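What follows is a pair of complexes built around subunit A, which joins subunit B in one and subunit C in the other.
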Partner chain A sequence: MRSIRTILAIAVAGSTALALAACGSSSSETTSSTKATSASAISTPGYPSPTTESLGGKRGGTLEVLQESDFEHLDPGITYAALDYPVVFATQRPLYSNKPNSTEPTPDMAAGPPEIAANNKTVTVHIKEGIHFSPPVNREVTSEDVAYAIERGANPDVANPYLKTYFNSLEGVEQADGGPIKGIETPNKHEIVLHLDEPKGQLVADALVLPLTAAVPKEYAEKYDKNKPSNYAAYEVATGPYMLKNDAEGKVLGIGYVPGKSATLVRNPNWNPKTDFRPAYLNEIDIKIGGSEPVIDRQVLEGTNVVQNEPVPQSGVRLAAEHYKSQMDISPGGGNRYVALDNKVGPFANIDLRKAVWAALDRVALNKERGGEVVSTVATHFIYPTINGFEQAGGLKGPTGPQFDYNEHPEGDMAIAEKYIKLAGYPSGKYTGTQTVQVVGASSPPEKEDAEVVNQTLKNLGFNTKLTLVEVSTMYAKYCGVPKEEIDVCPNVGWIADFADPQTVLDVTFAGKSIEPVGNVNYGQVDNPKINKAIAAAEVVQGKEARGKAWAKIDDELVEDAAAVPFDWEKTPRLEGKDVHGVAMLWNEGAWDYSFTSLK
Partner chain B sequence: MIRYIIRRLLWGVVLLIVLAVLMFILFRVLPTANPALLRAGRDPQPKLVKEIEVVLGLNKSLPVQCWDYLKEIFLHFDFGYSYYSQESVRSLIAERLPETLSLTVGAAVLWIVAGLSVGIVSALRRHSFLDRALMGGALVAISAPEFWLGLVFLFLFASDIGKFKVFPGAGSYVGLTSDPWKWFTSLIMPWIVLASGSAAVFARLMRGSLSETMNEDYIRTARAKGLKERDVVRQGVRAAINPIVTLFGLEVGVLLGGAILVEVVFDIPGIGELFYKAIQTSDFPVTQGTVLLGSMFIILANIVVDVGYAYLDPRVRYS
Partner chain C sequence: MSTGVAELLPPPSGGGGLEFLDARGDVARSPLQLFWQRFRQDRVALASLAFIVFLIVIALAAPLVVGILGLPGPNVQNLSLTNAFGSPLGPSLAHPFGVDPLGEDVMSRVIYGTRVSLEVGIIGTLISTVIGVTVGTLAGFYRGAIDMVLSRTMDVVLSLPLLLFGLGLAAACSVRGCLKGLIEPGLGTIIVIIAFANWPYVARIVRGLVLSMREREFIEAARALGASDARIMFREILPNLTAPIIVYASLLVPTNILFEAGLSYLGVGIRPPTASWGQMLAAATPIFNTAWWYMVFPGAALLLTVLAFNLLGDGLQDALNPRTAR
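Then we have the complex of A and B:
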């Protein structure tokens, strides 16, 4: 998801895979029939999953959390990483949040669902009474605190990474620099109105689940936000059931959070359970940062009162699958992965050559490299399970029909590939052009193996290739994210949605308007006028069902255009100690939800 | 001697400045990723990237950035702030230095005692079964990567995940002042793992050096004069130890800059682990700070070693 580290390390970014497992369910409970249908399609049988876990638990106790990596940012206005979110969502309450087993937003600080005006240009949210900030602020939260939280996102010293992606239609946001934003109105202490200059109310309403909308007390935070960069995180206060341990002045840094070493969550004395849906069973959460994954995996599987909170490496998955099956929670909805082919220049500007690669690629082999069916599903299109629009886009099977023959054989079909190579103008059925194809992949497993499989497929089709394997951040920063480098094939890129809307999967990754000279995430430089037009139209569609349908159609068109070759829908495993009732976040790569997790 | 030390220290400062400039070029001019781009999220808007560059001071010209950087380091001993936690790099390093010192000093004592003892015994019992066994063992210790050896120790002897629950495992480190006994027990395995490779090298070096020395004419003369064998060996060891001292100084210097693998495997939050995490996240101020610190330790260790020669070997005189 959002996470820089996740982007670089896992080759995807972001991860709040909100979204509906199937389509159209309005219930956040696992008992709905829609959920059951989708769960059977996307969950790994025999393992706990967020879709099947009970939300009940026993009150009390201290949970120990082991994680190799440090947090990136715990400031609610900056945070954008799957690893940060368990702490952020246990300590902060945005306007809306997700129950752990759901991808449907639930009112959190909001008193009810967002009210979207008929013209789709105004979003009104009423805020609950009786929510207080943790010490040392202590006072009640008002709509002005939410307004300040959003406004400070535009402060360059805070620099929220998604404000201008999802809230760019907010009036005055483009000129905002941390001061009041014209489009934010607070008519009274418990009401906030967002005025938009484009009819994108549904997208903005969906984006209210992001932590940017968690209240920040201006009179307390302002002095920290004046620092370059803001150090509010070192003194941040909470609205959720837990707070980072602090001193009387509110200082967190070095007390509740010691960078690279630990974080300690304790109960927020000002939290009022009557205003919250979180049960908050645990008394304390002690997070230990550091160590190495092989050791952490064993410490958790053989330990007590302990969980591991990062995606598990293959060795850990194997160990758990063989000996500790009930202690590995596997969450679907971990994003998609695909082979990006340069649609703009080079041989893959030819659609038939792209289809040939799709037909020839052994996607089953690629998934085996990633750990097989336990943690992976062969992808047939781009909108992945748990995202609204997945079923409309063809579900597990994907779009069908003779025009999609290249998608029918996930183990690869050279005969169909040769057919498309001939259609591309190479009568022998092999590519005979002279151009050497540049393939740039990541050097770490399993991305390295992915790259080698893709490279071999290209060779089998007759392409001369030059395979370059580099560190994953270099792959993005210097090659795949820089259009002028003209990399023909990036064999392992992907994406994870930020929230329950398919736009967050397909928009910036495939819209022509999103191509940037650096930091480009439309890796294949897909700039198809027909798809661009459909994207522009879908962006302003209102209503979950309608949006799912509109974006599913775009997904079909991307497949028909062979804009890239999807090969994997990720599932993310997490490990828990035998006496822990871990409850994972379906919407956040299966990270543990500390507000629902308990000790047995 | 004093003049020599002052001269070496001044050269050390010059060397550090050169290293700081080199690191600036490495991390700021030839980076693998623009930190502002990383900080701007996964759909980095150009305007946002520019704003973050201003906040991080990356918008200034490279020479200005370099000058500011050198000025802060050498005039104020300020390495800047972490891009992520916004904590001062100096504080981050200071917080972790006790862990790295604990690890290094303990391991150094262990490897010098074990390495010299094994080397001396092997040299005095050359070609015996004991010599072959000890040198074979040393070869194994040299060949075993620290990361692997650390994992083997943990899976065998850690009290939480080991087959034989003997020593506290990974993540059990506590500070010396908070609980000296726990501090000691938590470091036993890391010390052994960290010391094993160096001890083996020392043993082999000592064996070779002492074997050679024991064949020198003056040793034969000493024996002919009726000196006790123990005194003869003492003279031999003193003469043979010079190359070991050089290596010892260098290794201690390197480890004070962070024993990365051992710190990571045993989850000891020292300088090495800080450096490792900073590299992973392109947190350049932290990376630069830890590398400079490591360089400083190596330079200082070299000076200490050179001065130490004068005391160990009367033939060495500096002017």
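Then we have the complex of A and C:
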């Protein structure tokens, strides 16, 4: 799960999603029909979307990008934020990466699909010939550069945020500190073999889409990696079609990237289009950092060769929808949003009270306040569109039937809610317990409003509530992610996966084994033995269809358990100027893909 | 404002209730009569007073007022009053001040917000004035070591960065409260912070006045008659300080109202869903370009209220202390 910094973005905790076996090991150039259906089912009609955008374009020109926030990290070994990825994926080539309109990995620096041994303990990747580093390194990329890229992730002065999550089975990775890792072998210049001590080949193979696998030249980067912390980013070289502008020594800082001010991407003279699937239409990308979102929105909508690259606040969505419809690209698959209820302590340990909240919550109103149908879809379960298993879990309608009556009225139904409150042992149909319910939400819109709607729903059901609104980061770090705080209701938590595999959506968020004392992302402390067992079984299922089915069943069980109350499958809007043919990354919250975007 | 007060208000031991003729032969008036005579000539101050009385009535009778106007309650959410993009709808007959992003009636919330502002303004000021007057009187009367200790305490409190203090307290105590729930963000805490922050200002002024007053003849007379310290302080000296204290307190009220708005704006004041003007202004800021009414009406309410209290304070000062230039 990537962290996102902008105000309106899904504010997710800083921990990572554990992913096993994303989409099978085939090269997956084709998009599965299931996925295509789910994505288009929730695309907003009348607006451009990554699923419908043509990938063609005209060569040349300079694109201007306006963004309010600065980048977190542009070092390929550290980067893990939605806002950083457009630059990172235009300049760096991991072994595999996603085409903008797809959530399936495509071989990038790799020559073909990863070869996973029958025992699931070895992964072999062949690397294309003819890929060169940008100046001043200039030489051809070899498998040793990929080995070094992964090894430096374990260097405490680089500290890759997900190495131990996805590559923990790599032999010797636990002891690694930046030096050679025992499990990485490079038999020749264009072959890399990863030896694992557990049968988790599929997980490792899927994680090769992450920028950690983008080649880094050891002889050049080593001296920067010796600094505490590493300052390789200030001198980083590229393998992609673009590079951060630099000087003869390779210095990027102050030239191609001025923190807090700007970044400039120019063509990488050593990039060979024959080795890449990226068309790279643009000649240059000028990124300006700073300003404020409402002003940026207007500048972009009234501008020509300009885009903004952060989620658009509600006022911008309205402005675009009313006057500049063709200039707003809306990407489905922006993650899910749900109300976390403490399943372990307090009133919501009672399943019927959880169902009552689900039944009473007006999910349509909640989504309206979040920007309406243009940017949201009423959620009826947890696996969100674009993720494998969405259709098997009931698609847009979700699980239905008498036992799911609380899920069948998105506008909220007090009669059904009262039925469940009575079942919970409160004959009046209102909660009459004495406990005050702690509700902790985020203080910025739209989370603030979410919290107030949820709070009012609880009051309508008879609960005494205490609503506290704090900064989003505080909400996760101090309250919703800390079980001992015993926060009964976190009205607005969300999740966005690193891969399109359903396990990345449901495992750490709902498995009992993933409850942590701090930085917990199983916000409701869901620890249902039946669901735990099903999760353990589904983790080792192989094959895309089978995995979709297995996890969809877990999704059903979570709904049946009312483990949390999902309300929104988010869609993320991005704005473009009149002369821009923007292509957004379906797999990265609709951020613009600079390697596919062109000028009209 | 520290001069002329004694002349204006004769000492209570001096037979204040008697009518006597002055040099020109006019009937002398009681201090209150004198004050009222001057005050009622000040139309601005009178209008401000009327507005404040109106506000107090509105605040006390908020549910009734909202009911009479046919408005929904302040916390009634109605998302059908927002457009397809969740933008709130503007002023209409049914909702004269428009609605907010949750479809809550802005006018209703502005009316209920009056309660918070007045409670904070008036109660906070009362508490800080009582503490300030007591401490200031003790310090000025006893001088020496007591004065030293009390005055240095005032200096310390005055040097605290109040806004940061409030922010820190609210951040630390927001969810579970501090000191076993004694401190929690909300009205009570804001009032305590305000009282704590403002008493030294009052105390300093009172101390200065008491220092000069304690040397006056009527005090010596009282002392000679064997009056206790407490009697001298609270029966002899204090009544003479009524005017400056009232003036200062009336100017403290608007400051406190703004302070509450500031804390609520920063998200550490009044807890939602309770309506507060500062909080409404904060929520209105990001959507100002699509919902001006959400900012304009609470903003106007805040502006008018603070202005009214300031003008009233000025009027009181002029009426109680005619020596100060208009």
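Here are some notes:
Just so we're on the same page, the second predicted complex is superposed on the first by the 565 of 600 C-alpha atoms of A that agree within 3 Å, B and C clash if a C-alpha of one lies under 4 Å from a C-alpha of the other, contacts with A are read in each partner's own complex, and residues count from 1 in each chain.
In the analysis below, contacts are C-beta pairs under 8 Å (C-beta built on N, C-alpha and C of every residue); 3 or more make two chains touch, one makes a residue touch a chain.
None of the values given here were measured: they were computed from a predicted structure.
When both complexes are superposed on subunit A, subunit B and subunit C sit side by side without a clash.
Looking at the shared chain after the overlay, A:Pro294 reaches both subunit B and subunit C.
For subunit A, the partner touching the most residues, choosing from subunit B and subunit C, is B. Once the two complexes are overlaid on the shared chain, A:Asn283 sits clear of subunit B and of subunit C alike.
Contact with subunit C, but none with subunit B, is seen for A:Tyr479 once the two complexes are overlaid on the shared chain. In the superposition on chain A, contact is made by A:Val521 with subunit B only, not with subunit C.
Legend: residue contacts after superposition of the two complexes on their common chain; A:Lys261 is shown touching subunit B, with no touch to subunit C.
When the two complexes are overlaid on their common chain A, residue A:Leu253 makes contact with subunit B while staying clear of subunit C. Contacts of A:Thr275 after superposition: neither subunit B nor subunit C is touched.
Judged by the touch definition given at the top, the superposed model places A:Pro156 against subunit B, while subunit C stays out of reach.
After overlaying the two complexes on the shared chain, residue contacts for A:Lys448 are found with subunit C alone; subunit B is out of touch. For the pair subunit B and subunit C, the model built by superposing on chain A gives 8 Å as the shortest CA-CA distance. On subunit A, the patch touched by subunit B and the patch touched by subunit C overlap at residues 294, 474, 478. Subunit A makes touch with subunit B in their complex at residues 1-5, 7-9, 13-14, 66, 69-73, 80, 156-157, 159, 161-162, 164-165, 228-229, 231, 233-234, 253, 257-261, 288, 290-292, 294-296, 298-299, 302-303, 471, 473-474, 476-478, 508, 514, 516-519, 521.
Put simply, subunit B touches subunit A in their complex at residues 32-34, 37-49, 51-52, 54-56, 82, 84-87, 92, 95-96, 147, 151, 154-155, 160-161, 169-171, 264-267, 269, 273-274, 277, 280-282.
Contact residues on subunit C toward subunit A in their complex (touch as defined above): 75, 77, 79, 82-87, 101-102, 171, 174-176, 185, 267, 271-273, 283, 286-287, 289-290.
The touching residues of subunit A, when paired with subunit C in their complex, are 294, 313-315, 317-319, 321, 362, 364-365, 368-374, 438, 440, 443, 445-446, 448-449, 451-453, 455-456, 466-470, 474, 478-479, 485, 487.
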